């Protein structure tokens, strides 16, 4: 672990209406590290990602990236700084081809060395490169989201449930890919409900429950923690 | 890579520009009602200007006419109160429209119908303010303005042609450039586009200003050509509606679509209006309904349906 | 002070009527994503329906309501069948409807001119009661009260329909997500057709009162009514009938107060309010923000 | 006799054919699993059965009756329900969403069943008056499940009911489905979660729009094709 | 040059929009004239020394000034009409004024009376069938002063015509030392007068003057009759021009005891120097169309008559000669609309309208001219009784 983390959340709060969705969330991620973010449905995982990627602004607390506070920057600046993400409900440019989807990000993400062909191969959509993105299946669209994120040359990648709906064989492919990305030095926060999958790629998880941090540490310890078991895994 | 895409469109762009310039330079010699040709150009410009915004960003401004009127008034007031040459006054009209667009910039926070209607509201407010009796000393109020001293049908005709070429060139640029690609991406998913590193606020604002400038210039030249006009002549919503209908009819998001749409529908409009005035509206309405039902993708869909990519 | 009270009560009555003017547009847009640019022309037709029953059949103009409803069914159902499914199969129904209904509006306007002539028509002033009903000492023509009452009844009906009937839920479900509505077993075509006809009928009913509230009816009123309706609907939020009532009240009160104190600026008010409102609340007064991601 | 039976079904989007002659049966009371890789055509198949996509060729029978030309609502009236992958009505409240699931039932009946479902999904109960659009991904999924269960259909088509659900809820959903099965509902589920295998009587392995393999659960579990395509072993 | 086979008269009319009723009336009057002339073998053209039939080339401008602009252009540049006649009213006339001047065409302006058309000398404009608004309201102002009415409320529509009516009226009153207690403009599209009436009432006027176009007058009078308000004197313009339309729309009861400018055929001119007199016109029009003519029909016909006289005297077939012919006729001609008197700016100074009150009679109303004295047929009922 390097001395200075790439990303640090400091006491982040977020409410919607009267409902506190994030409640004093603090954690840090180092370069090249994979962190699992888990928790029951509605516990605030996506919201955490939304706050880090600038989709929502935290009501209180700070997000520090590469040593500077970034929680007031607009999304496109974060993207250019190297924070990117996928969406739980994929959001591709439906009327553009798969290739164009990636080209846009390669150009505007200011990562001029992005190799579109290599990214297409990584996300396994080379065969569909000239198809319209809208005709992909939901799962393929999630991969395309990932490709779009990769094209901006991210340092931190937030991956929201990319494995949901994949079978074990396909999950294996994704796991390999994510590990490869981490090996390139990209830090990853991976939201996933499938513990076996997480287990393959990381030892460290953060467990959210109703917007609070229930647990932070190794995954196997988490699955023995009674609070985590009750809220997330079930008996 | 940039050059490759650019070159792909540079040629068709140049061809379209040359055709337009040639056609409108020659037409007055063939057909004497120059004011009709002038109005036709005006509507092509407006359809194209609207296309720049709507076709490329998906923002449909019902109140597009507001910029047109703004340009018309600014130009006329400059003519009346300064000694600038007319063309400078027209440029001032374009600038006024851009300033107005800048003031109205916050409207871009809205989306869909909310944006459309809010822009309509803005144009109505402009209209009501300009035509208010209490401001008659400044704006001429409901009694309109007269700038007969600069009346020059030929010069204004060719100025409108210049604006038309400018608008078309801009559309070609939007169609061909990376900037245009960013706009298309934003139109489909703004959040994703900003995650792709696009400054959507800035890109949208630029497009909005450019589109306003075109309408403002057109309004300025139009006022110059009319030289006597009432506020409703340059603020009537009919102008917005025509611009929208014409460009949609031709096919938005393309360069030639709005040109073809406006040319066809406006020619029909004047032909019917002049030959069968009694049933004019009925025939015109019916034609539009039939065209939409049987040609729902606009005229250009005739081509794109056959796999021809339209410029 | 007296003027103020008068303007407020007048504004409320006028505003309630204008809620009715806008509500049909809201319904059709919400359900079908169709921009009914001919909305105002349909309202005008309602005005002529009242004119017809009262001048040619010697009935009370209120029978124009019945005629409007029948007319909406007779005209609206075939129109729906001819136009809407085709629109919805196209790439961008919302925008296409814009052109299509522009054409329909042109035709309707031409047909009303051919059928009724271009001049203003008005209705016997005393057909809806010749007196003046007072509230808090402020008197307004009976016809205003009748118009407001009918408007309230129509809007309440629509509200109950939306929030307490299956068909109403289904209507809103289609507004929310058409594909999912199909997957849930809703007969989307039937429900949409009903909403379409209801939207036209509401426009027609509003039209019946136009000769009273606006002095007379003439074929060229259509576009202005469409624009005003759009403003009212947007102020209150699309797809929300209560919002339209609020939109109507904002419009009515704003106009009347301004007319009392700065009459020459009264036409600016509704639009200025609209701008302010949407800049503060980008999806109207009762609009809800949607979750982006 | 089978409740649902497909013979040679072909279908696709616009000009693009996705399904190439699918034969498939679901008997009354049976639970059938659709397996298959990403983009094999599982969703397409379910959408064709319910009628959201036209059946180009072949036939679909439900309870002996040809239904492939009926509109979706007609099919649903006959006792089929469909849970789509992502769909809810975002601007309607949770209560209203569930009520629409029981579109063909009496209101009182819907209310009774809804309260029972809320016991299973307390998260939903807590937000019952909120717009469904504010829910998290997994909460939407729960709502989608509640929405189809409320109609107590004879045949339930589910597209990936567990994806995006936390393990604790996956377990619950399986319990609920067991109860439905117990009361006679037939299930056809496209699902990738291994845990669901335990639920199934039979299964089909779909590959590039064709049935590659079908059989009982034990047959599938021991099939090399499944082990390879599904578990990647 | 050889004589043309027909004389082409180009004009516009509005089949829809705010000016439709009046515009069509004027157009029908013109057509009536043309039919009569052609039945007679055409009109005599001095320049060619023979009778030539006329042909009206007309387009529909739908009351829109921008449509009108391009149609006037069409008439001038494409159809190359010999005589250009404007559409009804100031608004639709205004756009033709500079166009005609630019193309050196004489614009025959039947009813566009807005004062600001006539601010400088021109050879290309002549108001032929209605008094200029610079002089038109003078009798009304004098009547108010003569009645010793001190509290006058004036509500006008903001357009060239009504605004110049209001200005002139205000000036006349000012000379008599009267300042209006209420003086406001509203948009010409105004249709809702309920609140405005109450605001006016709050200024306690003795006379309420509403200056508008037909839709305004209708809405105003209806609102007034439904409002429960009552003024001692109420004046509107159009009952005197379109009495049938107004009666149909607002009812005779609402018109009772209100004032207006009565126009031919409601007032009649017996002795004319050219064409039919008012009574003959009514009869002939009735016979030809089976309709009672209104003022606009008369104005349209009058426009024809004036052109007929003009072409019958102009020595050469040029626009400047036409204009000179009109100037020569000025002061020497009387038609069914009264004495024809035009100045160098093109303004009509003759054809004055008196002030009259509509007194209930049977189901309708009787027009009682109350001012000026020499034309009066009765005394004003002031204050107006409650109905």
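So that you can tell them apart, the chains are marked A, B, C, D and E in the order they are listed, and the count of residues begins at 1 in each.
The criterion applied here is as follows: a residue touches a chain if its C-beta (ideal position, glycine included) is under 8 Å from a C-beta of that chain, and two chains touch if they have at least 3 such contacts.
As the structure is a prediction and not an experimental result, all values here were calculated from the model.
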**Item:** Graph separation of subunit B and subunit D (steps between touching chains)
**Value:** 2
**Shortest path length from subunit D to subunit E (each step joins two touching chains)** = 2
**Asked** If you take the chains that touch subunit C and keep only those that also touch subunit D, what is left?
**Response** A
**Asked** For this structure, which two chains have more C-beta pairs in contact than any other pair?
**Response** B-C
**Request:** Would you mind pulling out the distance in Å between where the CA atoms of subunit B average out and where those of subunit E do?
**Result:** 38
**Item:** Interchain centroid distance [CA atoms averaged], subunit A/subunit B, Å
**Value:** 43
**Prompt:** Quick one: subunit B and subunit C, Cα centre-to-centre, how many Å?
**Reply:** 30
**Message:** Roughly how far is subunit C from subunit E, centre to centre by C-alpha average, rounded to an integer in Å?
**Reply:** 37
**Message:** By the touch rule stated above, which residues of subunit C touch at least two different other chains?
**Reply:** 109, 113, 264, 267, 292-293
**Message:** Quick check: what residues of subunit E touch more than one other chain, meaning two or more?
**Reply:** 15-16, 158, 185, 187
**Message:** Quick check: what residues of subunit A touch more than one other chain, meaning two or more?
**Reply:** 46, 55, 87-89, 91
**Asked** When you check every pair of chains, which ones turn out to touch?
**Response** A-B, A-C, A-D, B-C, B-E, C-D, C-E
**Asked** Where on subunit C does subunit A make contact in their complex?
**Response** 292-293
**Asked** Which subunit A residues qualify as touching subunit C in the complex?
**Response** 46, 50, 55, 87-89, 91
**Asked** Touching subunit A in the complex: which residues of subunit B?
**Response** 178, 181-182, 184-185, 188-189, 191-201
**Request:** Sort out for me which residues of subunit A touch subunit D in the complex.
**Result:** 16, 38-42, 45-46, 88-89, 135-140, 161, 164-170, 172-173, 193, 195, 231-234
**Message:** Give the list of subunit B residues in touch with subunit E in this complex.
**Reply:** 32-36, 39, 128, 131, 133, 141-144, 146, 148, 151, 153, 226-230, 232-233, 236, 238, 270, 273-274, 277-278, 280-281
